[in-house]
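Shown below is the structure under consideration.
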Amino acid sequence: MDVFHFFGTEEQKRKWLVPLANGEIRSSFVMTEPGLASSDAVQISTSIRKEGSDYVINGEKIWITGAGDKRNKIYLLLGRTGTGQTKHDQHSVVLVPTDSPGITVLEPFMLYGFDDGGHGGHHRVKFENVRIPQSNLVGKEGMGFKIAQVRLAGGRLHHCARTVGLAERAIDLLKERLVTRTVQGGKPLKDLSVLRAELAEARISVDQMRLLVLDAAHKLDKYGSKDARASISMAKVRVPEQALKVINTAMEVYGGLGLSSHIPLASWYARTDSVKRMDGPCAVHREVVAKMELREFEKRKSKL
Amino acid sequence: MDVFHFFGTEEQKRKWLVPLANGEIRSSFVMTEPGLASSDAVQISTSIRKEGSDYVINGEKIWITGAGDKRNKIYLLLGRTGTGQTKHDQHSVVLVPTDSPGITVLEPFMLYGFDDGGHGGHHRVKFENVRIPQSNLVGKEGMGFKIAQVRLAGGRLHHCARTVGLAERAIDLLKERLVTRTVQGGKPLKDLSVLRAELAEARISVDQMRLLVLDAAHKLDKYGSKDARASISMAKVRVPEQALKVINTAMEVYGGLGLSSHIPLASWYARTDSVKRMDGPCAVHREVVAKMELREFEKRKSKL
Amino acid sequence: MDVFHFFGTEEQKRKWLVPLANGEIRSSFVMTEPGLASSDAVQISTSIRKEGSDYVINGEKIWITGAGDKRNKIYLLLGRTGTGQTKHDQHSVVLVPTDSPGITVLEPFMLYGFDDGGHGGHHRVKFENVRIPQSNLVGKEGMGFKIAQVRLAGGRLHHCARTVGLAERAIDLLKERLVTRTVQGGKPLKDLSVLRAELAEARISVDQMRLLVLDAAHKLDKYGSKDARASISMAKVRVPEQALKVINTAMEVYGGLGLSSHIPLASWYARTDSVKRMDGPCAVHREVVAKMELREFEKRKSKL
Amino acid sequence: MDVFHFFGTEEQKRKWLVPLANGEIRSSFVMTEPGLASSDAVQISTSIRKEGSDYVINGEKIWITGAGDKRNKIYLLLGRTGTGQTKHDQHSVVLVPTDSPGITVLEPFMLYGFDDGGHGGHHRVKFENVRIPQSNLVGKEGMGFKIAQVRLAGGRLHHCARTVGLAERAIDLLKERLVTRTVQGGKPLKDLSVLRAELAEARISVDQMRLLVLDAAHKLDKYGSKDARASISMAKVRVPEQALKVINTAMEVYGGLGLSSHIPLASWYARTDSVKRMDGPCAVHREVVAKMELREFEKRKSKL
């Protein structure tokens, strides 16, 4: 929705933003391609070619979240228009209605055996001579990466915030188990100091995660996506990492049950592990943080 | 097979051990019950009641590995015969053919989103008035826990050994990715020092895991299951822990793909995480090690 | 100073608080005794006995920070007056001028090989028939633990805040090394992705530490030491832990030098490791957090 | 002693190896120079210049273990003779009696405030026109790095083995504390499951460390320093890392005392942390392991 809000024409907003905001329809962001590292996005090759008053799209995309959801009506697709000056303005974002002829939704990507259906699954999608009017261009040609950055900034924080929520619920399940399950001699698990220590560590982690997300959100609101960039990357690196540990603590205390589908912990684990990858793997976000740290340091030194 | 080997009658061996050893049939060990902590095994309540020349079995078991496999012909079931003197000799092991009337195999327990079908799944199984001849008793009445200990000792090491194997294969997949995948600028992943460091750590861990298993196996062969107990528990605690880290390293380097079912890493992760739970959770095995350490220390001190 | 502020008489404030606030003198809090776990404070046995209009003090205290500092003029000593009703009101705090006859400052406790002289060292101190006027009582008799709680709440946060500062300076030293040191082939350390990743992790940790301290400080200011208790304990557990990791990262990148006294990192490590112990070990603070979590959970459940 | 054994002339052995083996004298290996990364050893610049029948040595060395020990009679110094063909045969090892004119032993390098006197300290040493006969050359000119490799291979394992010993003693101190110290209510620490779990983890780590060292020692004996190289590097990386954790566990359970010089744990920690650095930092040894892993993988792949 951020994309429509910042870059959409009035017509585009009317047609798509309003039903999106009302929850009547859903959208997908369609960027990733097979065989291409996320840090190598300039090589994205799905073509968006002009033909008369239309654009014609050909290519293959993967990991498209929501592609399997019936309510999904619109793709925001990033592809190569290829008329820009530098390698960073060859790409554009266009709106592709999901019922356009030439689109095939292929097999889903699973997360630890789960289809993550609640989020509409993550599918491979093929585009063969898919035709859309040129008025479906978002912003201007060549603005693809700029638009992607805006979408991703908010998107990343959004994922982090939901991750904090899952971790918080994992703590509730953990406490539920501690007070109800007994071991040898009828002693409840909550009396074991080793589990109490783990509960405390989990609580501290969730509080730290939340503070980090709030801090980044505050910066995003106040200073915009560029100045919040390091903070968002910090949350993107640390929040899923800490959440996985918290969820794992809860899983472990449930014994075999913790892995099963009788309780939701394992699916939360899978989901959270995917947050480490979506919108750029942690490794790339660590790079962002390191680069800023060193840049700031060298600037400071040069002033001495 | 250890159970038949050590405790079976000639008749039992002929009927079951031979086809098991030939790989013609499979068996399950049937012990765990719902709502009961593994450390509380003395409370196992599935009843094995004498009636005429038969035993009649009633109860519910969970997490029965292999129950979903067609080739599975025989259950080694631990239940309560209840005629012993202390609370440790109330239980016995009996042989229950899987096609006995009164057995219902219910829903499987999943490992994350996987059914672990390769191992025959892990099912809930109900026993209602299941009737077997008394000659199906293994060993003597009241020997249930003794038999379970023997089976579990070997079983645990067996699981650890397979876990080392999975971790070793994860390293192969990791190296495959490092030499084939490139990032920005066409640089292969293997040139990144951060990933080389992770590869080294993975290799060291797998070697340490293997040495620990070999050491325990050596003790089990040489001194028997009692004297190898601490060593087996050590392997049971550390091996899956280190393996999970190794597999996770590989998964991470595969990005999104690492979670998917396109490559086997996520299913190996699930499998390995289950090894932490099966045959007693790590927490209980840590207890075993701690107890022996303290006992040895106090013995040594008292001699001074 | 908090103690004087909240519990001191006008006379006490005039005599001690003013010069303390002006930085002219220093004080020590004198509580810990040999052979007594911190969680067992009710057993503190240094006696404060009434004799005429005086108190007479006898006992031995350890780890008294600042006892070796010449500027230290006043001890706030917690000892047993022993006239209370329950075991929690047997203790009182009294003011003992450091030049009172009968006080002997004994050997210091080292932190690793450092005497922590900057903080005045941590000494064993003996009190033999030390006589002070009864007007030196702080608050009322039996209020010892209450006073200790107030002092410790602020003190703990204070230590955490300084710890964040040390970690921040460790990051500066880390960056200094990364940009100045070269390895084989003249490549600067900052070009190694493994060290960039560590820099990023260090930065994220320091930001998380700072947010946790600020959050607890905010609660302490707004709601008082009782309601801020869990938050302070959370900082007390997590902040030194994360700081040790950050400082260790910097130490490691300095190679051998990192351990030496040529740069301050090793002494910061020692200092930070002591923060884990002073004012109650982490284990006890984890207990505080766990207790509150479980209490809150059970209250919430009982309302359903 | 390895160096004399493998490379010494009969005369050199008689003069130095015999008293070394008898423990009458000690030696130092003198290689490291200020401002030079260990991975950049080819840049070592201390000069060994021929003059008549002598060598004349000029340069500065740091971290020379044992330089502060009176019993130390002989330096094995690696410097630049500079007549070789490639950059790897410019260096040679010579024997320099410690009482040669022109040698000044300067300030020690501390380890966390400890002078590590038991090992003779680690000093900066200056060589100004130090003159020795050419018969003091070890092996041939240009063999410096080859000799260094032999010395270091055995040296590294030796340090690892001693580190296992320290960790083992730390476990003894840990158990001593667990059985003697009580907390609130007179309960001994050994009854706390959180500390029992830590004891178990410590035991498992020490066993794993020992197995890794034994495995490398076995390979060194059987196949020589080249084929044992990866295994020695593995021990060099993992053993001090795990030992630090074990020692830290013990330190923590001793509370404040754990940091102090009243018990030896903190000095063992400092010593063990230095093992991570001496004879090449862990980072460099990880590189060795990674390189071998990838080489082996690519060889295996190319055979398919």
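Every chain is named by a letter (A, B, C and D) in the order it is written, and numbering of its residues begins at 1.
As a working rule, contacts are C-beta pairs under 8 Å (C-beta built on N, C-alpha and C of every residue); 3 or more make two chains touch, one makes a residue touch a chain.
Remember, it's a predicted structure, so these values are computed and weren't measured experimentally.
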Handout entry: Same-residue or different-residue interface between chain C and chain D, half as cut-off
Key = same
Practice task
Can you check how far apart chain B and chain D are, centre to centre, with Cα atoms defining each centre and the answer in Å?
Solution key: 42
Handout entry: Averaged-CA centre spacing for the pair chain D and chain C, given as whole angstrom
Key = 37
Problem - Rounded Å distance, chain B centre to chain C centre (Cα mean) - result: 47
Handout entry: Where chain A touches two or more other chains, by residue
Key = 193-194, 196-197, 283
Exercise for the section: Assign the assembly's chain-to-chain touch graph to one of these shapes: line, ring, star, complete, other. Expected result: complete
Exercise for the section: Sort out for me which residues of chain C touch chain A in the complex. Expected result: 171-172, 175-176, 178-179, 190, 193, 196-197, 199-201, 203-204, 207-208, 211-212, 215, 231, 234, 237-238, 283, 285-291, 293-294, 297-298, 301
Fill in the blank from the handout: chain C partner, complex, touching residues on chain D are 32, 37-40, 62-63, 109-115, 122, 181-184, 194, 251-252, 255-262, 266-267, 269-270, 273-274, 276-278, 281-283
Problem - Complex contact set, residues of chain C against chain B - result: 192-197
